[in-house]
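Some notes on the structure that comes next.
Chain nomenclature is as follows: A, B, C, D and E, assigned in order of appearance, with residue numbering initiated at 1 for each chain independently.
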């Protein structure tokens, strides 16, 4: 006990000295600092996607902070690791609202973290712009501070089934990854496909990441016209690859989680000709998207992950809103939240404008087809269809 | 050496404790965002716990720190209140697991399953979700929350017994792997029971979950802190009473030597089941509180890693030790939510401020080396180093003398 | 219910299950070797395993960028990569034992377990850090070797790829080699002696520490080989990939009777088959009410049932508790 | 050749040996007598390196042994047949015997030694491929001794070789012990069957609660009334 | 008849550890002797339910003990000590004794949590009894010493106290004097006689110290190779030729017979 006590005392002394001597970095100059926080998993199994969000935001800040800096503000990015865990996300959220300089949060990756965390932001009407949470609940709560630049599960599922119908697919097999995102889209795809008269001959979820053989065996026996995978490319790519290796001839389709050059890097020629839906246009068709990809590659020497573009747009909107709020000379969180809803932004993922709930008013969706097995030619993917769809009307 | 002995003297320790409390409180008030200041405050609490002083004084000082100062600190910085609340939640979990692993010596790698059971029991009925199962009439009014604390307790305890009945005959690592399997089964069930009947809403989770009505117009964060604190206190009292009874002694006996314990008349299966049920019930209660606090739950909160985290708390603190479990929960939670985060934020600030270290501007640090990304790695190193240099934990269980005092008094009153 | 379909896919399901089972068996060997000798769950084995996969992919990528990958016969490439993966994982396992476990040899059982968990966390992120600096990537893709992807058609609906056969052959070879090493050589006998009674073994002049190191080296090498084969078979790895297969393999080891080499094999196969059956048939049998998502529940439930009736696993000895 | 001087050993904080002093000379059989719990086994475990003395001197041919790991002590020529035999139950008889010769690599000589042990214990020859756990108590004892002999020890430590054996077998074992000694191996024998032990030994020590209380030639001890009462049951 | 075992047989694999042994006790102190490995401890393990015999019947007051769990047997009134001392090492002396009382504590979970007067009365009584027991075996000063810090002889005494705490009618002691000096052993024997006299407790002991056996026991049973080879008063057994041969060795027999 004595020894423990001694150690505790020494540590206490050290802490006390440090508190007094280590000054917290205070606001240095000008009108002060505006901080943009990101919250996404930076460690653990989903770190790659989480980092994409952080990097997208970082690129946007570096590129677009000019006007604010000219006006005398210092603009900084504060990345938080939410570890994809709700309790960590909430603690971070409390930490974020305690930092008065943080005016907006870009995040999260997981709806499971976003929902409880946004309850915390709400207390101070701190704006959160989500690049990735497609779960309808995120905006259906009608919080004044929560908006999202990504689509909704219900919309994207519908885009998919609409297209599948047009492709003359009579039977479809739906697989999803058992996450809120993947299953959400798959559910809506299935429901809408059935409504449109397509035959859904299988609907299954799996957390498996590597070995899809046992799942593919019955699919092969049932031989559907189209297989829809609701999930992210790192699971979808091995799935499709193994499916082709196993000799399946069906058409493949997936949501925007498949929109990554890594899809072809992993699955190679297996996914050539596959369809995916996306709100972000391909680089070849949209010059903005092309320059984003180029700049991203130049800065971070890799291709942007899914949601990096959304994070970029979200940050751009955030900065615009802050600029608008800053015109009064003083930036408040309520102001920024309110301004975000007024921003009209023409971003990489199309024209963005929010409705009263924080959803995109009308979103332009693309259906794209993978053109080449070479990952560096991901940008060549062709738009095979464009759809403009508004978020679903309020249900009671 | 001499310094330590001086601290053991109440005359030095008491004023020092008070001083520390005041200084740390003042530090948090003047630097509300300083991680170190809050650490100083936590250290002061630990110091009070360890330093020599009369029991009532210690209790009074701790009460001042936890009941008065902590909520005030929370008013300066809600984040710290959140940390304190989460410390409380994990402390209760660690105390529950401490009964199973620390006292009864049964390795449980799926403990978080009971937490999940408790959380879902309130989440389903305390949200509109139950309408999908029963047709209508939900959510239950917020006041039901208090009843559900006991429902969570009962359901989790029942789950503990149901798991325990078939598997408690297994030894050591076989028991561990079965509990691990059970934990996974519960999580996967939660993830999948959205069809054929939608019980859990699968990965999409359940929201909004009702929060209990808050008395006296307290802010919710404060209320939630007090509620958790109250539950932790109850759990500690229950834990201590169990520990200082024939039940607790039977558990320890089983841990030390199962065969001898049985030969001395301890019914193994019943005692182990009781340990499982008690441990599980604490987790169940905290699950209910957690669900209400988060407003939203989904299966991601109940992964295997969470079970491992709680186990690490118990062992870091010192197996079988109540203060150890609380300290372990504090260390892991504070480390994870505060210290490591604080460190990476600090580095980030240095980077943004353009600090140059050894001629290398931090701003040029490649994004791969973002400090926030390696918190878990540091945590891993700390675990290994701790185990090597202090395997018995920070506050190992020690045989207590306090029963003597109790019974000595008893002795007098009865014999007179 | 389409009975014809159910029966029609049965052979393919069995093949799928066997391949998966051999994969589990290979990983399980590492757990079982260490457990057999030290009665200690080496939680970091899943990282030892995935480390082998990373070394393998690095070498293959290196060969590919040097343009020689296609020019060498695939067998040669595979053997080189396997050996490198085994060596690397063996070294890693050896180091882990020296640094994180040996100082805790005489501590209560749970202490090294926590240390192992710490090592596991540490290694995951070290691999990630290194890969993100070196390749700026999180997921790494094994280069395809075309000849390995060829599928042999057994019937019109049933086929098996060369790489799956490679997994089976390699697994059988390694199991045989390990079995021979442990049962037919002096060093193997020493390993078994140390497993049974460390004090008595030291009285024979056996350096117990050295044998324990050797056990980690062998277990690590098996893990490394499994890692490379895993990469070749499934193509995609990231620093956290090892965790789930590691957990399953550990379950397989327990199922078969932990500490028992044929048991690891049997446990792996049983688990692999169970998973394959669940993933393929659950949806068909229940008309879609339950699907592949229940395969882990199914596998774990069977595990619990088996352990209730055979508390020491399928091949484990039931050792009587002596009073 | 072996000398213990004021050796203290403790299990945790409980002292087990409190200053044991004894000596074994080249070629002798020395008996160490005492009740259960007196410290006989602890003494042997200390000599073979399984326990490390807190203080005191422990030497083999004037070379210090304290702190030397057990596997090294075997190389120096001490083999220990531990209490309860501690054979490897899951190994075959042959494997058990080869483990005895673990430190040696001269295959030809080892094969010869195996022959020698099997001639000494013909029963083992019959069971050579059997798993040791299935042997009877007597056979296990033979195996334990045979295994120790495979190391070609100069000094053999025997802990209760008669334990659990039928009288006929006890006779036989002690006969063998004598044989082994005649072939040049020095023996330190711990035995509960005091009569038997004193019959084969040249000298003996009596240990009680961790200290030597009596010593002398076998005949002296056998005639000592105290010994006769305590250990010979009179 | 207080305790009666009939035809006990116990096999381990191919080894028959105990073969068709009868053993009865009406009261007083009985000793079981025999060379190491003769099957004495196995017999104890059968009596206390740790082993299920392959054949035979064990009865305490006409209650069959076969098939009961060890804790149930203890609750019925049979308790024991172990040859290799199995104390709860990290627990204090008095806690060890309190565990021994487990079967006699009639408190539910609620009593423990509520700490009502009932709990305090029962718990206080338990502590008093435990203290008295420890004082009686001579550990009155070591109440709060952890068992592992006690010397060997004290550990034996503590184990005895722990066994007595369950208020047994039959006490089985496995080598109670091992590791004790002569005078300590004598003292212990006096103590045992005292317990028998006070409470009519029956004691069976396995013992190697012949002096102790001869002094203290009313009857002696001799086992060899799992079989009972003799039974009777100490004197009878001491002069039994078969016993001398088996237990003391043939040479012992020569030198023992002047």
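Here is the rule we go by: a contact is a pair of C-beta atoms (placed from the backbone, for glycine too) under 8 Å apart; a residue touches a chain by one contact, two chains touch by 3 or more.
These numbers were taken from a predicted model, which means no experiment stands behind them.
A.B. asks: Following contacts chain by chain, what is the lowest number of steps it takes to reach chain D starting at chain C?
C.D. replies: 1
A.B. asks: Which chain has its C-alpha centroid farthest away from the centroid of chain D?
C.D. replies: Using the mean of the C-alpha atoms as each chain's centre, the farthest one from chain D is A.
A.B. asks: Name the chain whose C-alpha centroid is most distant from the C-alpha centroid of chain C.
C.D. replies: E
A.B. asks: I'd like to verify one number: the distance from the centre of chain B to the centre of chain E, where each centre is the average of its C-alpha atoms, in whole angstrom.
C.D. replies: 44
A.B. asks: I'd like to verify one number: the distance from the centre of chain D to the centre of chain E, where each centre is the average of its C-alpha atoms, in whole angstrom.
C.D. replies: For chain D versus chain E, the centre distance works out to 30 Å.
A.B. asks: Measure off the straight-line distance from the CA centroid of chain B to the CA centroid of chain D, and report it in whole Å.
C.D. replies: 54
A.B. asks: Taking each chain's centre as the mean of its CA atoms, how far is chain A from chain C in angstrom?
C.D. replies: 34
A.B. asks: What residues in chain A touch two or more of the other chains?
C.D. replies: 43-44, 47, 51, 178, 205, 207, 300
A.B. asks: Note the residues in chain C that touch 2 or more other chains, in rising order.
C.D. replies: Chain C, residues with two or more chain partners: 125, 128, 136, 293, 296, 323.
A.B. asks: Show me the residue ranges of chain E that touch chain D in the complex, using the header's touch definition.
C.D. replies: 13-15, 35-38, 148-153, 155, 175, 177-182, 208-211, 225, 238, 245-252, 255-256
A.B. asks: In the complex of these two chains, what residues of chain C are touching chain D?
C.D. replies: 186, 189-190, 192-193, 196-197, 199-208
A.B. asks: Report the residues of chain D in contact with chain E in the complex, numbered from low to high.
C.D. replies: It comes out as residues 12-16, 35-38, 133-134, 136-137, 160, 162-167, 170-171, 192-196, 199, 208-209, 222, 229-230, 232-234.
A.B. asks: If you look only at chain E, which of its residues touch chain B in the complex?
C.D. replies: Touching chain B from chain E are residues 48, 50, 69-72, 74-75, 79-80, 82, 86-92, 95, 98-105, 107, 109, 112-113, 115, 119-120, 123-124, 126-128, 143-144, 146, 162-163, 166.
A.B. asks: Which residues of chain A touch chain B in their complex?
C.D. replies: Checking each residue of chain A against chain B gives 1-6, 8-9, 11-12, 15-16, 18-19, 22, 24-25, 28, 42-44, 47, 51, 54-55, 58, 76-81, 83-88, 90-92, 94-95, 97-99, 110-113, 115-116, 119, 123, 135, 137, 141, 178-180, 183-184, 205, 207, 300.
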